[in-house]
Every structure is written in C-alpha cells, then in structure tokens.
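Some structures to go through are shown next.
One chain, subunit A, links the two complexes that follow: it is found with subunit B in the first and with subunit C in the second.
Moving on, here comes the complex of A and B:
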C-alpha cells in the first residue's frame, strides 16, 4: 500500500479530500444534527432481524461516516476529537471496513430517515460514502461489474442492441399471435410518439413476458407509443454506487433519446429505483431540466382503465394478493396510492400489508444489494422481519411495482419457504384485460382480408 | 444577596449568553456556507402536497407523535421527551426570572410548575443516564459528549428544582451552583450535541421540502 506524506494511504486521503467536495448543506445538517437518541434503531430491518447486535443500528452505522466528517470538516471534532467520537481512515483496510458497512449493512431504504425526529437522512450520506469508496475502486465486485456494464454498454445487464431488438421482435410476434392481429406492432424508434416507453433490462434478459404484457395493454388502449433502440434502460446504478456522474450519464441517455424521438411523454416501467432515478434524481445528476412529461407505467395503466381505454375483469386474477411498496417508489417518490387503486381494479382479494406505504419494510434486496453476492447470507438473515411481514398477510401472492423487489422478495420467500408468488401490476393488468371482443374483431378483419385476397 | 451571587446571576450569565450567541452565529455561518443541493426533479406524488406543505409538516412532526412510527409505538418515550424538553424550558426560564423578574416567583403556582417540570425532567434524566449505559444499542452509539451532556442537564435540573423558590435564607449554595452551572451550560452547549436545536429547523425544513416535492410528506398510511 502506497502512502502519502502523513502516513495515510493515497486512497484514504482521496476519500477524505473528496468528501469535502461532495458534502451538501442537507448532508452536513444530517451529519451534525444527530443527538444519538436511538429513536431510529427499531426502524431498520437489519436491527429487527439481528436482535442484540448494535452494529446494525442506523446511528451506529452513520457514525462510521460521521466520524470522518467530524474529524476533517467540523471544528468540534477538530478541537475535541475523542469527545465527539471523531475519527479518520488511515489505511485501505479501514476503507474495506467502511465498505462492508455502507454497502453490506444498509440498503439506503430511508426507513430510519422518516423515523428520525431530527430529520437525519442517513441514506443520502451513506450513498455519498459509497460514491467516495467507488471513486477509489473500493466496492463489492458485483457493483463494479454492473456499473461498468452500464457505462460501457448502456444498460446494467450488458444487453446488446441486437438482443434487445430481437427480444422485442419476439414479443411482437407473441402479441400478434395472442391478439390474432398480424399488424400488431411494438414500435421501435417511432418519432413524434405520445409515449416513449423505457424498461428495466431485466425484462429483456429474464422477464420478456413483462414486455409483452405492457405491449398488450398499449395495444388494447390504442396507444401511440414507441420503445427506443438506445437509452431504453431506465435503471441506474448511479443511485446504488453513489456515482453522480454515472447517474447523470445513464439518465441523460434516456432524456436525450426522448428528445431525439420528439416523444411527448416518458413512461417508465415498474421499477422503484428506475423510477426514482429517471423521474426524480436524474435531472439533478444530469444537471438538466426536463422539458417533457414523465410518469410511472402504473399511472398510465390506471388512466387507461379510468378513461375506459382498456377494460379489465378482476375475476381473471383469482386468489389473494398483498402489495409491497418499493422503498424508492414509496419513500422517495410518493408513489403509494395509484398502485393500490390499480390493484383493487384488477384483483378481488387485496389485503394490506402492515406497516405499509412509506412505512413499509425494504424488500431487503434494495440499494443494489442483489448484486453483492458476498453479503447474501447476511441479507437473507436480515430479511426475517420482511418474511414475517409477508406471511402475516396470509396471502398467496405479493404484488410489487419494482423489478428489484421482485428479485429480493423471491429470494427471501424461497429462503424462508413462504410458498408465495411475486408478480407485478403489469402482469395482473394484462391478465385481467378483456380482449375477446377485440380478438373477435381481429378475426373478422383477418377473414375478410383472406377472402378478399382469395377472390382476387 | 452576596456580590458573588449577584455576579453569578447577572454578569456571568450575560457573558455566557453573549459567548453562546457568538459561537452559534459562527456555527450557523459555517453551516450556511455549505452548498445547498438543488432539486430539479418535477414533482411526484398525488399532487396533494408541495414543498411548503411538506416543510410545515416536517417541522411540526415533533408535535405529532402519531405521524412517526418511532414515537407512535413508544408513547412513554415520547412523553419523556416532551417532559424533558419542557424541563429545559422551565430551567432556562428560571435563569431569567430570578435575576430579572424575581417578583414572579411570589406566585406559588409558578414555583410549583417550575419544580414539577424540572423535577420530572431530572427523574427522566436519571432514567436516560441508566438507559444510555445499560442498553447495548444506546451504549454503542453514545459518545463521551452524549454522556456528559445528559449528566450535566440532569444535574442542572436538580439545581433548578431547588433554586425555584428563590430563597437564600438558608444559604446561597444552591443558587450559586444553579447559576454557575447555567453559565457553564451556556458556554458548553454550542460545542455539544445539546445544540441540536440549532440545526433542527434546517434539517427538518430541507427534508420536508424534499419529501413534499416528492409527495411523501404528509405521510399516508393504513393503520393495522
């Protein structure tokens, strides 16, 4: 390990120096205002699932970052370091230890934030600390890999353009088959569309059914929409690794493409961190004011039903359902009511989960945790409170509006043998669609066309 | 009244107050020099809130124990918090009443109220000291400043309780201790976590504006 003249490793020195550039007044307030009252302790799923281990307490974790702030940027810590628990990082090993806390013991879910009487927002400065570490190359391997994919290929799962287009074409064929309409399309790069629809690469790689379901809904609604061939990934690893530059670049690609296509509205498929990144944080990271409208596909689907553009039949979705609020949707974007309204229109038996909405527990796979294999055992152990919360609903299916939560919940449901399924609203809405009339109409058109061709 | 008591209850307090105000001024200036993160995102949520509403809710949340799970689920902790802070108000008030409006303390009712609040706050202080030492979570997050500040406040409450009748017929010891402690308290506070109330309006307003814009504050929930 190479060191600076003061004996500190170069990386540690860089982390300290860069902290000063990254701190905002909001963060400084959060770093200075904690009174160590402990009110936030029980709000964290890590604490609740690991009783007796105070190192999971939000204030304890926050203090691992706060000590640096106190020592290097707050004069109380400069004058009386021990008195206010100010401290520093000296070696790369110290940074590795910090990495295990900021990545491995916190999903940046913000549940402690809404439970702190002082308004301390740990998740925001925890993200900043992640960014400082990533900047000097200290991060979980999975985080490094995914961030690299997003920088280099333009989406976080390394989906190549040809694979993306091929999958859309495949789903277009499925759509044509299901709707019995050879003219049904999933348009790509159509200019001047009302809607530009962006998705999570997981939909291309692992869940193409969601692309088809969304296409069916757009088809039935007669929507004027397109999917972009570039800038289609609305997820953003910049939110997880604390890299504002990556965040701005990824969101910027989406915005640029919408502008290039002259789209009127950006519709973001169901993904908590994607929605937060593209709808909320992206303009801040990209330092760009967005000139077009954008909304979650949940809102779009709800509007279609309310405006009578699509008809749904809730009896097509039998069984019991509960709803899991993604942290990013609920605690950072206020998307809590529309999903419930939509859900109650497409299923009969909806049972609320407690606590819910902005007070819901994290799926425990948030903050990029699903990409950090080294923390999986601890993540699943810390999912106990979520597992209890799910099983208390007595339902068979948990619905969520987030691809990341689908994975996080599926993993913990398997681990705790809860025997539940996980699905998204797009799947339920598509399943509940009343399509018979339309298919009948398509058949008539098709047979008329066939007879016309035969007559020629 | 001896010269020492007069000095302690007047000049010393004034010097300490000026000192505290100066340090606070510097502290706020330092704080305001940090750049405010700009929010560019278009508003989210149901459209039933905005940054102003969010900020009002956020600042007022302290008086709405039902609005925060951490206080809702622990009503006793919340009650303690309220009494403890009312004790602070009473003890501070007393440090002004004795030198500048001693006539007010002829009211037995006011003396009893101050004693009730400072006495209760003192008992809560003792409870909090025990909790901070014995509860492993509290111990893990506590700094020497946290412990010292709590002991200091608890001791100060005890002396405020004894000083409230403003009676020096049986000696000035209690009054002297109360005013000396108050002066020390005023000098120490800006360097300690007790100065949290300086940040409170800022942190809560920033968070409230942020969550108001995002449609998160005021929180919505369906109770169990």
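Moving on, here comes the complex of A and C:
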C-alpha cells in the first residue's frame, strides 16, 4: 500500500481531510455533546437483540467517528488527547473496519437520537461518515451498485424509460378490465395536473399491484393526476450512502419534471426514506426552492375518504392488523397520526404495537440495509426484538407505509417463522373501495374529461 | 461461505441463499431450495423457473415482472399471465423467491 508522507494511506488521509468540509453545526454539536450517560444503549434494536455485546451501543459506535473529530478538528483533542479519546485512521484496513460499523451496525433509524438527553444525532454523523467512505470507494457492494443505477439510469433499479411506460400501460389495461371502463386511464405527462404521482421503482420492476391500487383510488376519486415519464423515482440512495450530490441529482430530477409539467402538487407513494428524501431533505441537497406543495399518498387517500370522494367498506378487509411506523416517516418527518386514522377507516380490528409512533423499533432493514447482503446474518439476529414486538400484537397482518419496511419485515417474519403477512395502506384502501351512485357519477364525469383531454 | 447440499454435491450460496454461480444450477437445486421453504414445486412453478433461466441466459439480467407475466400469458393463457397468479405461486414475490429457485442472483435495491 502506498502512503502519504506521514505514513497514512491516501484514502485515510482523504477521509480525514474531507471530514473538515462536511462538518455542520448540527454534527459538531452532536460530536461534542455526548457525556457517555448510556441512555442510548437500551434504545438501539441492535443492543436489545444482542445483550452483552457493547460494540453495538450507539455511544460506542459514535465514538469510532467521534475520535477522528476530536483528534483532527476539536481543540480538546489537541490539548488532552487521551482524556477525550482522540484517535485516527491510518490504513485502508482501519477504513474497512469503520465501514462495518457505519453500514453494518446502524440503520440510521434515529431511535437513539430521540432518547438522548443531549440531543446527539448519531444518524446524521453516521451518514456523514458513510459519505466520507463512499467518496474513497469503500462501501458495501450492493450500495455501490444501486447508487450507480440511480446516477446512470435515474432510478435505483435500472428500469428503462420504455419499460416503465409499458408497465404503466399494462396496469392501465388491468384498470380498464377491473373497472369495466375502456376509458379508464393512467395519464402520463399530463400537463397542469393537480397531482403528480411519484413512486418506488420496486413497484414497476417487481410488484406493480400497488400502481394498480393507487390508480383505482385516483380513478374512483375522479382525481386530476398524472405520472411523470422521467423523474418518477422518489427513492434516494443519497440518504443511505451519505452522498449529498447523488441526493440532489435524484431529487432534482423529480422537482424538474413537476415544474416542466406545471403540476400543482407532488404526491409521494408509501415509502419512508423516499418521503423524507423527496419532501424534507431533497431541496437542500438539490439547492433548490420548491414552488409546489408535496404530500404523502397516505394524506391524499385520507382526504379522499373524508371529503367523500371515495367510499370504503371495512368489512372488505377482514382479519386483525397492526401498524409499523417507518423510522423516516415517524421519527424524522412526524407522519404518525394520519396513517392510523386511515387504517382505522379501512379495517375493523386494528391493534397498536408497543412501543409505537416515534418510539417504534426499526424494521431492521432501514438505512439501505436490505441491499447489503454481507450483513444479513447480523441484521436478522438483531431483529429479535422486532420479532418479539410483532408477535406480541397477536395480529395476522402488519401494515406499513414503506416499501423498504415491507421487505425488511417480510425477511424477519420468515426468519423467525411468525407467519404474518405484510401489506401497505394503498392495498387495503383499494380493496375496501365501494362504488355507489354518487361516485359512479363522478367516475363518469371524470372519464368523459379524460377522453376529451386525450382527444385534444 | 454458506453451502447448499443437494444429492451429495455442495453448492456455494450467498448470505441470503442465492446461488453464487448461476451456471452450476440443476433442477435438484431448485427443488431443495423450495423444500427448505416448505414448498412442493408444481408444473406451474417450473414454468416460471424455466422462463427465468432462459431469459437470464440470453440477457444476463432478471426480467421485469411485466416481461415475465406477458411471456407466461403468451405461453399458457391470460389467467396464468398476471401478477396475482404469480404471487399465489410465489408468496414471497416472484422477484426474490422464483429468482432464487432459478439460481439467479439476488435482485438489487430495496427488495
């Protein structure tokens, strides 16, 4: 290994130098404030599932990053390095070790953050550390691959534009069959729409049932909406790999398309990290002022029911249900009450899991963990506390507003043989739809309008 | 590295049980994987697996679900070429479960 003049590897030197450019007040506050009180320890699902292993404690993990800050950027580390445990990285092996902590031992779920009396936000500087490592090419292979797809093709699953359009056309045919209306449409690139609806590529590539379900709801509500032909991926691996440039590029594509189409509102399908990235973090990453409003599809669906635009019948969803809050929705964006209100409108037997809302445990597949195959055994072992929490509800189905949580939960449910199903609100709402006379009328007006637009 | 033992031969699989080398695949491998999941492979399951393999051999990539359903509809009729049917066959999702039985690598991204 070639080294710099001070004996440090080039990559390690780069990580240290770049840290100085990435530190924000929020991070410095978090790096300086920890008093090692240990309150975070019992908040972390890794610790709760691996009692006796101190290397999973949030404060321990944070100290692997904190030592660099102390050594290279904080006066305390220069005056009393030993007291404040200042330290450095020398070799590429040191960086690999750091990688296994920041990617493999933390899902950036922020549960420790809300339980920290000093307000230390580990997830924020853990993400920063991930970004430093990615910058020098050190990251799990899966993360590298997905980020590359998002850079090059514009969506995280490498779906080509013609395949995206054809899949929507296919779902449009299914919509026409199910609604027995040959004029039913899933409009693409319709300008001046009230709603521009963006989704997770998983819905196109692997499971388009949620595209159809959303289309049914929009159709029944007589919604003026469109799906964009570009910038339709609202997920964002920039949140997971700590690369603000990627974050800005992906979110920017979504914003640009909404502007080009002159859409009034951006509606984001059920995906926790996508919602956070596109609605909350994206404008900063993309360095862009957003002139249009945005909301989660959960809120859109709830409004349709409350305003009487769609009618639902709970008895169409028999069985018992619990609700899993996605970390990004609940802890980072405060979206906790609307999904519950909506769920209570479409199922009869809804039982809370404990803890819930902002205190809920991560699905254990967050922070991009589902694409890091190398950590799967440890991830599943650390899902023990989540499995216990799920089975304590005694329900048959867990509902969540996040595609990633669907996969994380499905994986752990299989591993712990819980025998539960996982579904999303959009599926339950679509399944509960009722056609009555008034709605039938809306539907006809709507399809007449759509055909008129198509004829123009 | 984890292994899967089938008929006296040992196959390397990744952490999630996907075959490391798709060319090593045999029908016995698919059967053994399904058995672990408590599933008996019917002729209908095999139709999906065979299509996935032939597509992967041609393009070195797993097909999108749109292509898979269209192809099944063409070969076996419309009632077998839809998403609902595929999820009934492979409850954990055609992308993950059927691809794994067919010896294809794990799909990337948050699935």
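Note that in this section the second predicted complex is superposed on the first by the 435 of 456 C-alpha atoms of A that agree within 3 Å, B and C clash if a C-alpha of one lies under 4 Å from a C-alpha of the other, contacts with A are read in each partner's own complex, and residues count from 1 in each chain.
The rule is short, and it goes like this: contacts are C-beta pairs under 8 Å (C-beta built on N, C-alpha and C of every residue); 3 or more make two chains touch, one makes a residue touch a chain.
Quick caveat: nothing in here was measured; it's all calculated off a predicted structure.
On the superposed subunit A, the positions of subunit B and subunit C stay apart, so the two partners fit side by side. Contacts of A:235 after superposition on the shared chain: subunit C is touched, whereas subunit B is not.
With both structures placed on the common chain, the touch criterion links A:113 to subunit B but leaves subunit C unconnected.
Contacts of A:28 after superposition: subunit B is touched, whereas subunit C is not reached.
Number of subunit A residues touched is higher for B, counting subunit B against subunit C.
Of the two partner chains, subunit B is the only one touched by A:335; subunit C is not. By the document's definition of touching, of the two partners only subunit B reaches A:355; subunit C does not.
In the superposed model, A:157 makes contact with subunit C only, not with subunit B.
With chain A used as the common frame, the shortest Cα distance separating subunit B from subunit C works out to 24 Å. If you check the complex, the residues on subunit B that touch subunit A are 30-32, 34-42, 44-46, 49, 58, 61-62, 68-71, 73, 77, 81, 135-146, 148, 191-193, 196, 199-200, 202-204, 206-208, 210-211, 214-216, 219-224. Interface of subunit A with subunit B (complex): residues 23-30, 32-36, 38-43, 47, 52, 54-55, 57, 59-60, 63, 75-76, 79-80, 82-85, 113-121, 279-284, 287-290, 293-294, 330-338, 352, 354-359. Remark: subunit C residues 14-16, 64-66, 69-70, 82-84, 87, 92-95, 106-111 touch subunit A in the complex.
Here subunit A touches subunit C in the complex through residues 142, 145-146, 149, 156-159, 163, 166-167, 170, 174, 200-202, 204-209, 235, 365, 368, 370-371, 373-374, 376-377, 403-404, 407, 410, 414, going by the rule given at the top.
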